[in-house]
Amino acid sequence: MSLTKAEVEHVAMLARLALTDDEVAMYTTQLNAILDYAQRLEALDTSAVAPTAHVFPLHNVFRDDVVRPSMEQAKIVANAPEEEDGFFRVPRIV
Amino acid sequence: MQEFEFEIVMGLEIHSELATKSKIFCGCTTEFGGEQNTHVCPVCLGLPGVLPVLNRQVVEYAMTAGLALNCTIAEFSKFDRKNYFYPDLPKAYQTSQYDLPIAEKGWVDITTSQGTKRIGITRVHMEEDAGKLVHGGGTLAGAGYSLADYNRTAVPLIEIVSEPDIRSVEEAIAYMEHVKAILEYTGVSDCKMEQGSLRCDANISLRPWGQKEFGVRSELKNMNSFKTLQKALEYEIERQAEILRDGGVVVQETRMWDDAKGVTISLRSKEEAHDYRYFPEPDLVPIIISREWVDRVRAALPELPEARHERLVAAYGLPSYDAGIITDSKAMADYFDAACRHYGIEPSPIADDDGYRQADQQGKDRAKQISNYMMGELTRLVKEDGKGFEDCPISPENLVGLLQLLEAGTISSKIAKTVFETMYATGKEAKVIVEEKGLVQISDEGAIAKIVAEIVDKNPNVVADYKAGKEKAVGFFVGQIMKATKGKANPGVVNQLLKAELDRR
Amino acid sequence: MKLFAKPAHELHGLLVQKEITATELVEAHLGRIDTVEPQVQAYMTRTAEAALAEAQRVDAKVAAGEAIGPLEGIPMALKDNLCTDGIKTTCSSKMLHNFVPPYDATVVKKLKEAGAPLLGKLNMDEFAMGSSTENSHFFPTKNPWDLNCVPGGSSGGAAAAVAAGEAVFSLGSDTGGSIRQPAAFCGVVGMKPTYGAVSRYGLVAFASSLDQIGPFTRDVRDCALVMNAIAGHDPLDSTSAPVAYPDYTALLGQSIKGWKIGVPKEYMGEGLEPGVAAVIDKALQVFCDLGAEVQECTLPHTEYALPVYYLIAPAEASSNLARYDGVRYGYRAEGADDIVEMFKKTRAEGFGAEVKRRIMLGTYALSSGYYDAYYLKAQKVRTLIKQDFDQAFERFDLILSPTSPTVAFPFGSRTDNPLAMYLSDVCTLSANLAGIPGLSINGGFAGGMPVGLQLMGKAFDEPRLLQAAYAFEQETGYHRQMPQLGE
């Protein structure tokens, strides 16, 4: 499985990263090297192996349905790159 | 049903906000509204470093909904991340369920003009809601900028996915209404569509009759009223039909109903096609649901719309149509039951062969009266106000008060109508209004006879008309008598005395 | 008296005996920071005033005759990916250059309650991605033992600060070796606890299923003391382990006679520098002298740990780092016309090359059609790696290895080849994949540079890891050596 430049561009689109042509070329080479290295996993037969998503087998960790105070608006928007009247302002959507 | 050259194939995805007090992964309130960004904390804002902890009540509600929709509850269930970028999604992923939803393989029976039909439920899963964008300049298209408010972010949702079993717009609406009723009955959601707490997406395709394969579908997003649902589906079906009639191909895409223009518009181009990169949420642990837990939730299920429908028909003799309309809304059904209780309509303590406890004939007549008022005038007024029965200004007790005055002959049915309007406007009891306005019906024969005689005396030429066989003359006299008594004269008594007076002349 | 050279438990004694005040102790460290920081560059942000205020509170308490806790008044510092209420937390990234969290991480809260004055926030590889701290957007931190060499990473600032006497202890985070490898390179004690033993709430996530917070200290007893302060169940972290937490100092000083120590042959193979190998051999002899039985063992799936790690960690990271979109906090690119362009430009300009590389890799590994081949496959092999350890711990009390195959390397020597850089974590990755604790202590020196000795144990077996490490430390005394700086 070899990653093409077009695929790298598609992945960059999914990841919302604007890449220069040089970066696309660099990441194509580097990702291919890493993926080649990852190829060695194919040598292992894992058909009977369960995946590990969590190393510590916990389940049913819940909190009670209790309302706690929210944070004040000023603190919520304090880090906003652009704020307007307590909203986060963003450029047009379409 | 009109002829249509294509078979319609639809599936609905209903999103319903759950009635929890706090959000799905943090303690912020789920209360609707509030000033922008005031129901927000570091967790639901997705600040760097925060972690989610699942609200137990979300699981309980999802199980309740699953069971009420006749689903199987999964023994093992987990959350996954659905990754996509949008400014209303603070973590840039929605915590949702992918391959192991909490409930699967259910069904509901819906009733339409074509009869009863079973619609399959593919799955019910838990997820979080997104925030709200306010578009500078009003609409999404053409807005110079947008403003994000995260109050609604991470309010818990269930998504109910139907099988592609729906074959008409009527079925789609009946299905949506039925699911809404179930969610209301179980208390899982308040289903306030105008607040966005119940909304749906539809997958729609057409195919020639008899063809087995599905046609290419489009996905219609975010319809949040029955009116929108109806208009959008009708438009989209016709849009696809026209393409197919012209020998064209329907494009698989996501579309949105534009209410102002009355059309569906394409939301995403192909190039933007989503690849959600689902993977198991590492910050949450799996949910394991025991038999006992399922049994406990099942035991706590309330009477559901179907059972209630049957009961209203059997116990009160309501026509199935009336019972259907009343039980489609929990608020309406609760109103009806409360009114029956206040009217003293007691179902027999002994059950019939079908296990139902029936009311006597008087009780059934009274129940029908309640139903008539509810389905007629009350529904009209409530709808005009954009309200539901839960906040109807006339309480069930007060409605019964009015009906009792009517039954006792204290007021005429005509007066009752006026009293009813005043009750709705003021919230006062019928009795009080009748007393305040002096609307008690005049049934005293002596008093009415006197007025009748006076009016007949004053109009000798109309009497002559009557004698000449003109029946219209009677109507004239009745009108005059009612005018003179301000509508309070008992119409039966008036008719009887008038006839006698005229015949005497 | 060189206060900046002493461990916390000794300083605590001096405070209690009123031989020093907490204010003097903080001032000594502030002075040391002023002296050596131009060379070491460990700190991103300094919080001298708050540290002095906290020290004064402690002094008042001591003056009033009240008892103080073991870390009360002991100056510390935090890796800059631990959220601190009102104090900038940058993850050494342009993306968060101005981010001020409105809340404290659970560990920060706990250390505040313990009364440890915070000296500041420490430099790191951007978003904890790297093994040398060269990926910091702002500046590289230097190895106090050789300023031409890297301090390791990603918690390079946290390791260097403790090694250079700029903090008595610090906290870092370890996703694939990011505590243990810099601890090894800087000759201090560094522990990655069992997954779930220390709350991750407030740790800016890199790879959620692997990340753990842990201490850097001057000796093993201090490590146990800091663990006492930070470990424990946290209802804010769903993956936090609801178990009984021990006193981590309880077993210190007890004999390890008769213990079986396994040395995995897969960790002693190619790539291991001769100097490192020699130190490990000598260390094994020390353990034999202490009465332990040292045997070769095998962890057969070790060769797969690196590819598994480099699929799982970037996949999780690609999702965890998606929230940096310029909307709510942090950097936003100028001049974008619409939202998609704003997202793309912000992320292109706000992230460095290594972060972008891993986001690309992880996005690809999760994308449609590749999930089964990469992410799911890696999770399955992760199971096999975990089983290797389960089997080994049936026979052995602990597993011993080098922390890194090399000592600290010179700046720039590996930056052009990502894969070569990743290889510096081969000995540490597996513990993260298996969720088990790993401890790195100074095992001796090779060419004047410290060599890390890694001890790995069963899940929640930290007290016994500390017991063995303590025995070694007491026997050898390597931990008492400090780099010569600013004098």
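Going in written order, the chains are labelled A, B and C, and every chain counts its residues from 1.
Here is the rule we use: a contact is a pair of C-beta atoms (placed from the backbone, for glycine too) under 8 Å apart; a residue touches a chain by one contact, two chains touch by 3 or more.
To keep track of the chains, here are their UniProt names: A = Aspartyl/glutamyl-tRNA(Asn/Gln) amidotransferase subunit C; B = Aspartyl/glutamyl-tRNA(Asn/Gln) amidotransferase subunit B; C = Glutamyl-tRNA(Gln) amidotransferase subunit A.
The structure presented is a predicted model; accordingly, all values stated were derived computationally and were not measured.
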> Greatest Cα-centroid separation from chain A: which chain?
Replying inline: B
> Taking contacts as defined above, which has more of them, A-B or A-C?
Replying inline: A-C
> How far is the middle of chain B from the middle of chain C, if each middle is the mean of its Cα atoms, in Å?
Replying inline: 57
>> Can you work out the whole-Å distance between the CA centroids of chain A and chain B?
In response: 40
> Using mean CA coordinates as chain centres, what's the chain A-chain C distance in Å?
Replying inline: 23
> Of all residues in chain C, which are in touch with two or more distinct other chains?
Replying inline: 99, 102, 209, 235, 238-239, 318, 322, 325, 327-329, 339-340, 343, 363, 367
> On chain B, where are the residues touching two or more other chains?
Replying inline: 42, 45, 53-54, 85, 87, 146, 148, 275, 277, 282, 284-285
> At which residue positions does chain A touch at least two other chains?
Replying inline: 14, 16, 53-54, 58, 61, 63, 71, 76, 88, 90-94
>> List the residues on chain A that touch chain C in their complex, please.
In response: 1, 3, 7-8, 11-12, 14-19, 23, 27, 30-31, 33-35, 37-38, 40-42, 44, 46, 49-56, 58, 61, 63, 71, 75-76, 78-82, 88, 90-94
>> If we count contacts the way the header does, which residues on chain B are in touch with chain A in the complex?
In response: 20-22, 26-29, 35-42, 45, 53-59, 78, 85, 87, 133-135, 140-141, 143-150, 275, 277, 280, 282, 284-288
>> Looking at the complex, which residues from chain C come into contact with chain A?
In response: 98-100, 102, 194-196, 209, 235, 238-239, 241-242, 301, 303-304, 306-308, 310-311, 318, 322, 325-332, 336-345, 347-348, 351, 356-357, 359-361, 363-364, 367, 373-374, 376-384, 386, 418-419, 433-435, 459
>> Please output the residues of chain A touching chain B within their complex, sorted ascending.
In response: 14, 16, 53-54, 58-73, 76-77, 84-94
> Which bits of chain B are touching chain C when the two form their complex?
Replying inline: 42, 45-54, 81, 83, 85, 87, 90-93, 146, 148, 275, 277-279, 282-285
